[in-house]
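Take this structure, written in structure tokens, and hold onto it; I'll ask about it next.
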Amino acid sequence: MNSKQTGPQDESFQTGMQIRRGMFGPAGADERYAQTTDFNRPFEEVVTRYCFGDTWSRPGLDRKTRSLITLAALTAMVRPNQVRVHVRGALANGATPEEIREVLLHTAVYAGVPAGVEAFTAAAEVLKEVGAK
Amino acid sequence: MNSKQTGPQDESFQTGMQIRRGMFGPAGADERYAQTTDFNRPFEEVVTRYCFGDTWSRPGLDRKTRSLITLAALTAMVRPNQVRVHVRGALANGATPEEIREVLLHTAVYAGVPAGVEAFTAAAEVLKEVGAK
Amino acid sequence: MNSKQTGPQDESFQTGMQIRRGMFGPAGADERYAQTTDFNRPFEEVVTRYCFGDTWSRPGLDRKTRSLITLAALTAMVRPNQVRVHVRGALANGATPEEIREVLLHTAVYAGVPAGVEAFTAAAEVLKEVGAK
Amino acid sequence: MNSKQTGPQDESFQTGMQIRRGMFGPAGADERYAQTTDFNRPFEEVVTRYCFGDTWSRPGLDRKTRSLITLAALTAMVRPNQVRVHVRGALANGATPEEIREVLLHTAVYAGVPAGVEAFTAAAEVLKEVGAK
Amino acid sequence: MNSKQTGPQDESFQTGMQIRRGMFGPAGADERYAQTTDFNRPFEEVVTRYCFGDTWSRPGLDRKTRSLITLAALTAMVRPNQVRVHVRGALANGATPEEIREVLLHTAVYAGVPAGVEAFTAAAEVLKEVGAK
Amino acid sequence: MNSKQTGPQDESFQTGMQIRRGMFGPAGADERYAQTTDFNRPFEEVVTRYCFGDTWSRPGLDRKTRSLITLAALTAMVRPNQVRVHVRGALANGATPEEIREVLLHTAVYAGVPAGVEAFTAAAEVLKEVGAK
């Protein structure tokens, strides 16, 4: 954590990068930022600052609950690439595979069977990769 | 609760109706079912049985957490009519206005500003109606 | 039908207007077009020509089946205003309330419970207005 | 059909599995269920029981019409993976490539050109695989 | 403009409030913020700071072009309430009714006829209210 | 351009094919049409005629602005395959990578972070392929 930092030094960015590191490891945080180009760097900064630095850091809901509602939103909007990312984040935030399953099952009622199929397929791949029981 | 029951007597339906009563009161449960017609009765039965009876009743996530992920999914899909319904349900399941606010704020990051506007408008109306602080 | 015609005289437009008249009556066809302004006239012409004149007129599926798939698509995308319009069109094309109910019930499996709620609410209003049994 | 059965023995599940077999063959029914894990088994059971067992089995619309409205809904929601699955199902239920084309063309009017592109690409792949003329 | 200011004094918020004032007048900026409650104030601050203060203020696209792409996005996602708001904003940013019409017509090709109907209905109401020619 | 023409000879089709050629080269226009089958030819003709021939050709917005609003709509609806196609088209119509970046950044505010991620990933691939600076 006290290794050399990349990116802007303002507080929101630094908080956001720290949360990303905790959820996705260096590969999903500093390393990802280090690979940005002029084209996508402003967007990565917005995501880091606004999404992780200003929102995920808020009190009022713990990180595990934030992971569960994020998975519900991503399942509902049918974003399998992001479901993959946030299944890892949810495990890092202390959610169990059983809780993730319940979020997907529950959300599929509201978003329809195909939304459930996409989310379960994406999540099962990640759980297999990480060797979750 | 020991008043005369309406609707099918199978276990999923009865469990679902009981959960609906607990979250939305008689007006959103038995009375709503009593007013169904041949046109919409099969759908109300599906909702009661599959959504509430078989899904909301599952172990693995408590009811308050199920309310929060439901609100996340409804905010993400921009369903303000259902946000209204489930803000009431979330309060009945023990969620605070602050927790509801955090779910909507958090989900708006993933679903965009207009999705947030619709959900906050709908939720604020209900909170005002019920006199939530 | 041999009253004064409004709008462009090309074949696609005339065919489209005739199909709109058959499904929605004069109020949803010529009268609607007569009330267009410079702002929305090009769009009404596109809808009449491309949607009704070139697509609804195609062989390969009968009009009733086209009504049923239109209702499925509108239910799936959660467009209650258009569900209202096309429930009338479906009845004009020979669909029964029972068939409309089955389309909505079936589609709700794929689009989720809130999509079903919106479509059933919209369709029930129209069926009541037209006195469908 | 009298081979060893997998999965729950309740009527909805058995009916659903039979319909899945008829539409997608053993690979999309019993074999798929046999490969489920604790993570996705409850979802597969919901799909089999609620979607196929309780909904596809209903009277009021024949199976071919149910296939066509399913394809309309999937095209409208832009679910190309599920379009692939249900093009096979539609052929098994007696729909012709021409009818499938008309459903996609018609739905693209309501869902936009990119929705049409995704559905036509997915459906054309399947039709080529199965050698449909 | 030199009247008493409300809200946080950081630069992003102040820039955002100034842009909101310019596009929507005091009623859509300071007055709206003054009416916020504990429930929706954090969201209004996010919108003001992130959406208007940090994004609309960027160089690289002029304000009129930003209005046109905003209307395209809102038409595509079928957000008629926000179309109403941003038709006013687009006029304030120098877009003509003809340009707004072209954005809606063009986007309807990509988002489908019902998306176009919702956007044209919403936009026509605003243009009538403001007496746009 | 004076090579042998394929496809229908009506004016809308020919205009549409010419615009497609200008934006996507022969591979995305005549060659694509030449490879159509009975299954997807009617759809390709609709796209060429209605989308490109009748809409992109309209006065009122220049081609570059049409490319920008198209990218906004596609980002908002999360259609990465089509974002890829239209980043090429936007470059052909004179948009710079910086303008494309601003459209995606701006639209992500309205469509949410995951929509932005998908669009930036798709667009960055194309910009790298074409060697855009």
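Note that the chains take the letters A, B, C, D, E and F in the order they are written out, and that residue 1 is the start of every chain.
Note that in this section a residue touches a chain if its C-beta (ideal position, glycine included) is under 8 Å from a C-beta of that chain, and two chains touch if they have at least 3 such contacts.
Because the structure is a prediction, the values reported are computed rather than measured.
Colleague: Interface check for copies chain C and chain D. Shared numbers divided by all numbers used: above half gives same, below half gives different; which is it?
Modeller: Chain C vs chain D: same; shared/all numbers exceeds half.
Colleague: Among the chains, which one keeps its Cα centre farthest from the Cα centre of chain D?
Modeller: Of all chains, E has its centre farthest from that of chain D.
Colleague: Looking at B-E, B-F or C-D, which pair matches B-C on over half of its contact pairs by residue number?
Modeller: The B-C interface is reproduced by B-E.
Colleague: Report, in whole Å, the distance between the mean C-alpha point of chain C and the mean C-alpha point of chain E.
Modeller: 31
Colleague: What is the distance in Å between the mean C-alpha positions of chain A and chain C?
Modeller: 42
Colleague: Any chance you could list the residues of chain B touching two or more other chains?
Modeller: Where chain B meets two or more other chains at a single residue, that happens at 46, 50-51, 74, 77, 82, 101, 105, 108-114.
Colleague: Could you pull out which chain D residues touch chain E in their complex?
Modeller: Residues in contact with chain E: 108-115.
Colleague: Residues of chain C touching chain F in their complex?
Modeller: Contacts found on chain C: 46, 50, 54.
Colleague: Residue numbers of chain E touching chain C in their complex, please.
Modeller: Checking each residue of chain E against chain C gives 78, 97, 101, 104-105, 108, 112-114, 116-118, 120, 123-124, 127.
Colleague: Inside the complex, what are the residues of chain D that reach chain A?
Modeller: That would be residues 37, 39-40, 42-43, 46-47, 51, 74, 77, 79, 81-82 of chain D.
Colleague: Going by the contact rule set out above, which residues of chain A touch chain B in the complex?
Modeller: 50-51, 55-56, 58, 60-61, 65-66, 68-77, 82, 98-99, 101-103, 105-107, 109-111
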